[in-house]
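Next up: some structures, all given as structure tokens.
In the two complexes that follow, chain A is the common piece, with chain B as its partner first and chain C second.
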Partner chain A sequence: MLTLKLVLRSLVSHAQRSFILLAVVGTVSMLLFLFLSFSDGEIENFKEGVMGIYDPPSDIRVYSAGAREAMDQGEEALTVYALALKDSPQLMEILAKRPGVRQVFSPGQMVRQDILYQGEKIRNFMWRALDPAADPWMRNKLRVVEGRDLDPAAPQPQVLLHKSSKSFIKAPVGAQLTLIGQTLFGQAVSQEVQLAGYYAPEQDNPNLGTIGFITPGGYLMASGWNPGETFALGVNLEKGVDKAAAIKDLSAWSQEQGLGLSFWDFEKLPGDVFNVYSMIRVIILFMTVIILFIITVGVMNIVAVNLQDRRREIGTYYCLGAERPFLIRIYTLEILLTNLLAAGAGVLLGLGIRAWINALKITTEESGLQLVFGGSVFHLGFSGESVGWIIGGTGILTVVTALFTLGKALKVSPVSAIKEEEA
Partner chain B sequence: MKGYLVFALGVLGLGGLLGAQSPTDWIKNAEALMFPEARATASLVFTAQDGRRETYDMVFYAKDRNQKVMVQFTAPASSVGNDLMMIEQNVWYRDKKSSRIIKVPSNQSFGGTGFSYGDVVRLNFSDNYTPVISGEDAKTITLDLTAKNREAPYFKIVLILAKEGYPLRGTCYSRDGSVLKVMEYSRVTALGGKVKPLDLKVTSPKEPGNVTLMSIKTEEPYALDDRVFNKRNLETGIPTGLARKK
Partner chain C sequence: MYAKLILRGLSRHRKKGKRLFILLALCSAAMIFTLTFQTSFTSRYEAMGIDLYTAHLAVLPTESPKLKEGFFATNKEKLELMDYSGALKDRITSDPRVETAALLLETTGMLQTLENENQPFYSLIGVEPDLLGRIFPGVQVLSSSGPLTWNPAEKEIPLYRPLVEFWERVKNPEEFIPGNLKLKGTRAEEFFRQASQELGLNPLSGESGFLEALNRFLKEGDFLAKIKPLVDRRLAERYQETLDNALADLENNREPQRWPALKKRVLRALYPQALSPVQEEPTLNRSLTLTVPPAAQEGVMTSPLVLPVVYKGFVQRFPLYFWNSYMDIRVLREELGLKESQGTSLYLRAKNLAEVPGLKRDLESLIKEHNLDLKVADYQYLGRMHMSTAQAFSVIGGILIGLFLLTVGIFIINSILLALIQRRREIGTAVALGLSPVQNLLVFLGETGVLVTVSWIIGAVLGGLMVWAFTVWGLPGMIFFPGDTLYFLWNPGAFGTSYLMILLTAGFSALLPLLGLLKKKPVDLLKEGQ
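What follows is the complex of A and B.
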């Protein structure tokens, strides 16, 4: 308590001296926060945007036993898809009734089919089923920029294509296209579809250019799935429910019921594409460490000069009977509180700048920038991990500063301090 | 008189029974004729609608009705060394530049031609299709082959066989009834003691102008040990003694 009182009094009385430290550490914290926010924003954009369309996220993924392992081990597609979940509507119903479960949905499996139009084959389109009324989450990720929305009740299957594909397909809205390729089970398939329109994703990315949406009936033909079949289900939990505990509980229940299901934490499932942004995140964190290291040297100098000017104060403490460990505690706590205050102020300022930049909704059509941003809208994200890095970095900064400055700074003779006082 | 009539009808009936083949017999006999255990040389010519032409010469060893195939390219020079092995639905390809053996999807098209690797090994009629006789005349018999399961390469194939047992034409259909591929067999010749078509032309109404022509040049009955179909042989070649002329 005494230590804290003394530290707080010191901070107030030496406010001017501390201001420089506050300014430096605060500014650096703000910049690092924005830097990490950029990375958070990339990842959020990619998860919600591109990956949200490729593989809609959920808390938990449900597969039939052995299916996920077969996929991760690179088994043949035919072997993997033979392990599909049957009777998925009934499964979804009973899973939705489990305690802690908020929502169950079928994320669907993309199927690759080429487009044949006016004798020309355009290759490697990926197709996802979409019923706009039944899947508002996916539907809200798109804007129909030309033509109209998909109509599952139309007599012929309909498709929506990414607006960028118009430049090379050159098909008008309403045109008849042929989808040709193989089902997920390797059988050759073709079907006539109608082009309902062109869409733009809310969070665009060059990777989405060859993704099309098709009405559910057309998807069944293209994929080869039987009605009611799907490869996996997604489960979203109620707020506050522990994921690991929920997985354990659901696994036990499934075993009890003989359902033959396996439950996986979606965040921990391997995803090749997402790893790129995770790697960028690691690089950014590494750069943060380097910046903190450089800053530490500067902070050490400031603190050393600061303590040099407070020799009389230190000498006075010795004269009053204070011992070295006590002084180390006081000054370390003072440096820590200053740094934490500065870091907190920096993060708060960073949050303000983040909110302002996000409100501007800076958008780009440049594919290169879309890759860098993780989407077409520049977005600064937020994560507890980023704040943790800054606070943790501040703590390390404090420890290193204390270690390298206090040793020399506290080597003050009480006699010389009194002599100065008298003078 | 009555007895004579009964006898005559009985002979005719028995003769009919002995002469009549089931649809499955027709298919199996056609496969035995077309896909013997043999070493063969062949050429594959692909002509694109833009006039581009590619020719591949190869030697291949096949066994178990083309469920096991080892292909060694002899031309063009760029393909020599890029050998292929197909076992059931699995296809391995040796890339000579990287000296690596790569597994490729069986549905991958072979060099942009009308053939996919799977067409060679998976067009196994008797295993994948249920045949029904849908037409017959003096010289030909028409079989409707319906996929037994969704892993069969095509939903339906209408196959016309000559009464001698070899295929004349096959039309492959998608589930929506549209024609995906047409296979026309021609140049019926005696080869290896059997009469069969040596040319197979593949076209698709979806890609008019693209024509793939596979021509068998030679075919010799061979006894092929299962060890011939080993990934290691893609790099080292087939060891002596495992492939013997019958």
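What follows is the complex of A and C.
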């Protein structure tokens, strides 16, 4: 308590002297936060943008027992999809009534089909079912840039294609396309569809170029599912509900009801590792460490000079009976609080700048830049890990500064408290 | 006089300036490292693109998917063909600037193993084997069991595919591991008992004991003899065919490296409920079936060409972006019914990079003159997508350099401010002896300049050592490059640029607080000293 009191008094009385330290650490913390936010933004863009369309996220994924294991172990498609959830609308209704459950939806399984148009085949399109009215989450991820929205009630199945495919498919809105390929169960299938229009994702990425959206009726034909069948359901929980506890409850309930379901934490499911973005994050973290190391040297300089000018104060402490460990504690705590205050201020300022930059919605059409940004809209993200890095780095900076400056700075004779006054 | 004053000042206050000196040296080293990293990344990336994917120039049909926007424009099945003959050929073969010209057939293909398992979707490039290493020198053959050249007398066509990626690798390919067991708890125990009895195993208890015994069984020489009596056991009909096929594959196999995987497949076919599917890593001399779309699409379901191929080599690929396999172009031409002069793209490699723009202009004039339905694209256009990655890293590097300069600036300002306070008496004395405030300012600026220069020299040595190390051993973790390693290139400009930037920043930063000195009267300086 005494230590804290003394430290706080020192901070107030030497505020001017500490200003440069605050400015340096604060500025660097702000810039490092923005740097790390760039990496967070890439990952968020990719997760929400590309992966959000490939595999819409949820808190919990629901499968029939054995289905997820079969897929992860590489069982053939016929075996895997035979373990589909039957009568999913009823299941969704039952699940939605469970305590803690906010939303239940069907994320769908994309199916690969080629497009045939005017005698030319373009391969490897991936198709996702979309009913704009029933699936606003997915629908809000796109903008129809040419043509019109999908109409599930139309007499013929309709499709939306990514705008980049227009340059090589060259089909006008309203054109008749043929989708050909295999269903999820390996059966050959071919159907005529109408091109409703071209879309642009809100968060575009070159990998989305071959993703098409198709009305639910057309999707059933392409996928081979029976009505009501789906491979998995997504469950989103109410705010504040513990995921692990919810999974346990739901599993117990399912067993009790004899439903034969398995529940999985979506974030822990094996999936694509964002190699590129993980690597960029590692590079950025490495650069952060280098910058913090360089800054530490400068901070040590400032602290050393500050303490030099406070020799009389230190001498007075010795005269009053204070011992060296006590003084080390005081000054270390003072440096720590200054650094933390500066880092905190830097992060707050960084959050403000982040909000401003994100509000600008800087967009790029360059595919290569979209790959680096994780999407078409430059977005600075936020993660606790980044703040943790900065605070942790500040802590290490404090320890190193204290180690290399306090030793010499506290070698002051109590006599200097009186001597300097005479001089 | 100035030199004397500057050196005396530095010498007198050298202890106080020690940490600033270290900071400046570290910043210099970091800037040299960052500048070299930027230029090395960009240069290497561009060179890699040329050596692996774009060459220097490409002559393409006007409708070529490579000229269209869209990452997946090349998914179009139909081949846009060009004719490499006549005036175009004469011109290129006689042009001294052209080192190599190669007509390629770029198409797509689907590969299936002999067990009907689909392999990843492929971009397939038909090329004359002798020209592959000359037009794309980066496509290094990392391992091979034979040439790419097709021998019509042999049944299988050689295929060079990209090196085996980490997601294709199989852990413990010769054994079953705990992850291969699908059953848990009492059901697993029941399976261990059943399989041990049927296969004549003597396992120790538990999962690890069973796996050890099962893996020993896999390695036994009389595997087939022990398995065959079990074949008559009642299996569901859909599994019987799988078991028959697995046995037939094992009996007919002539590739020794596949014995372990094929034996595992037989056991998996016998116990489909208990053992997970067997994955096989791509290996040399593996036989597969390649289906290639015909040159022209007719109707909804056109029969593809089916070719028996064999992996004869693993080659380097452009990391993250392109996945190309290579085949002797003669095979594709013959199967697709094309003439020798027909291809989808003509790639050119110039003797000198500087000659590329001129060569491009001349070819464009020739095309226009003869009214050919062709376009010329250079490596910058063809590489525009992947070069954005290099641009992004340049921007990141630029931000870092800005950070280092900001650090230098802030600490220089701080040091000068402190010096003005602590050396006020000294300044006042100098003024009293006749030195004007402007002269004092110049002395301080001179001290800053000397400090920056000397610390930069130390930093340059440190930075130079780091750059040397990464030139020799490479910077690891760079997944954008082959081997995940970026080898730096010496860039003398980085040294000069870093010095200039630090010197200017330090000078400007020092000037800001020093300008206050000009407003001070000599009396004020002396007064404060008292």
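Here are a few things to note about the model shown:
Here is the rule we use: the second predicted complex is superposed on the first by the 410 of 423 C-alpha atoms of A that agree within 3 Å, B and C clash if a C-alpha of one lies under 4 Å from a C-alpha of the other, contacts with A are read in each partner's own complex, and residues count from 1 in each chain.
Following the convention adopted for this analysis, a contact is a pair of C-beta atoms (placed from the backbone, for glycine too) under 8 Å apart; a residue touches a chain by one contact, two chains touch by 3 or more.
The structure presented is a predicted model; accordingly, all values stated were derived computationally and were not measured.
With chain A as the common reference, chain B cannot sit beside chain C without a clash.
Look at A:Gly298: by the touch rule set out above, it reaches chain C but stays clear of chain B. By the document's definition of touching, of the two partners only chain B reaches A:Ala77; chain C does not. Contacts of A:Ala96 after superposition: neither chain B nor chain C is touched.
Contacts of A:Ile362 after superposition on the shared chain: neither chain B nor chain C is touched. Using the contact criterion defined above for the overlaid structures, shared-chain residue A:Glu192 touches chain B, although it does not reach chain C. In the superposed pair of complexes, A:Gln182 makes contact with chain B only, with no contact to chain C. In the superposition on chain A, contact is made by A:Gly119 with both chain B and chain C. When both complexes are overlaid on chain A, the residue A:Ile290 reaches chain C alone and has no touch with chain B. After overlaying the two complexes on the shared chain, residue contacts for A:Val282 are found with chain C alone; chain B is out of touch. Of the two partners chain B and chain C, it is C that touches the larger number of chain A residues.
Two complexes overlaid on chain A leave one chain B stretch from 23-31, 95-103, 149-157 or 185-193 clashing with chain C, and it is 95-103.
When both complexes are aligned on chain A by C-alpha atoms, chain A residues 76, 116, 119, 121, 178, 180, 188, 190 touch chain B in the first and chain C in the second.
By the touch criterion given at the top, residues 76-78, 116, 119, 121, 178, 180, 182-183, 185-192, 221, 224 of chain A touch chain B in their complex.
Listing the residues of chain B that touch chain A in their complex gives 49, 89-90, 105-107, 118, 122, 147, 150-155, 172, 174-176, 178, 180-181, 206-208.
On the chain A side of its complex with chain C, the touching residues are 20, 23-24, 27-28, 31, 35, 69, 73-76, 114, 116, 119-124, 164-165, 167-168, 178, 180, 188, 190, 206-207, 209-210, 275-276, 279, 282-284, 287, 290-291, 293-295, 297-298, 300-302, 304-305, 366-369, 371-373. Within the complex, the chain C residues that touch chain A are 16, 19-20, 22-23, 26-27, 30, 65, 68-73, 75-78, 108, 121, 179-180, 182, 276-277, 279, 293, 297-298, 300-302, 320, 384-389, 391-392, 396, 399-400, 403-404, 406-407, 410-411, 414-415, 417-418, 477-479.
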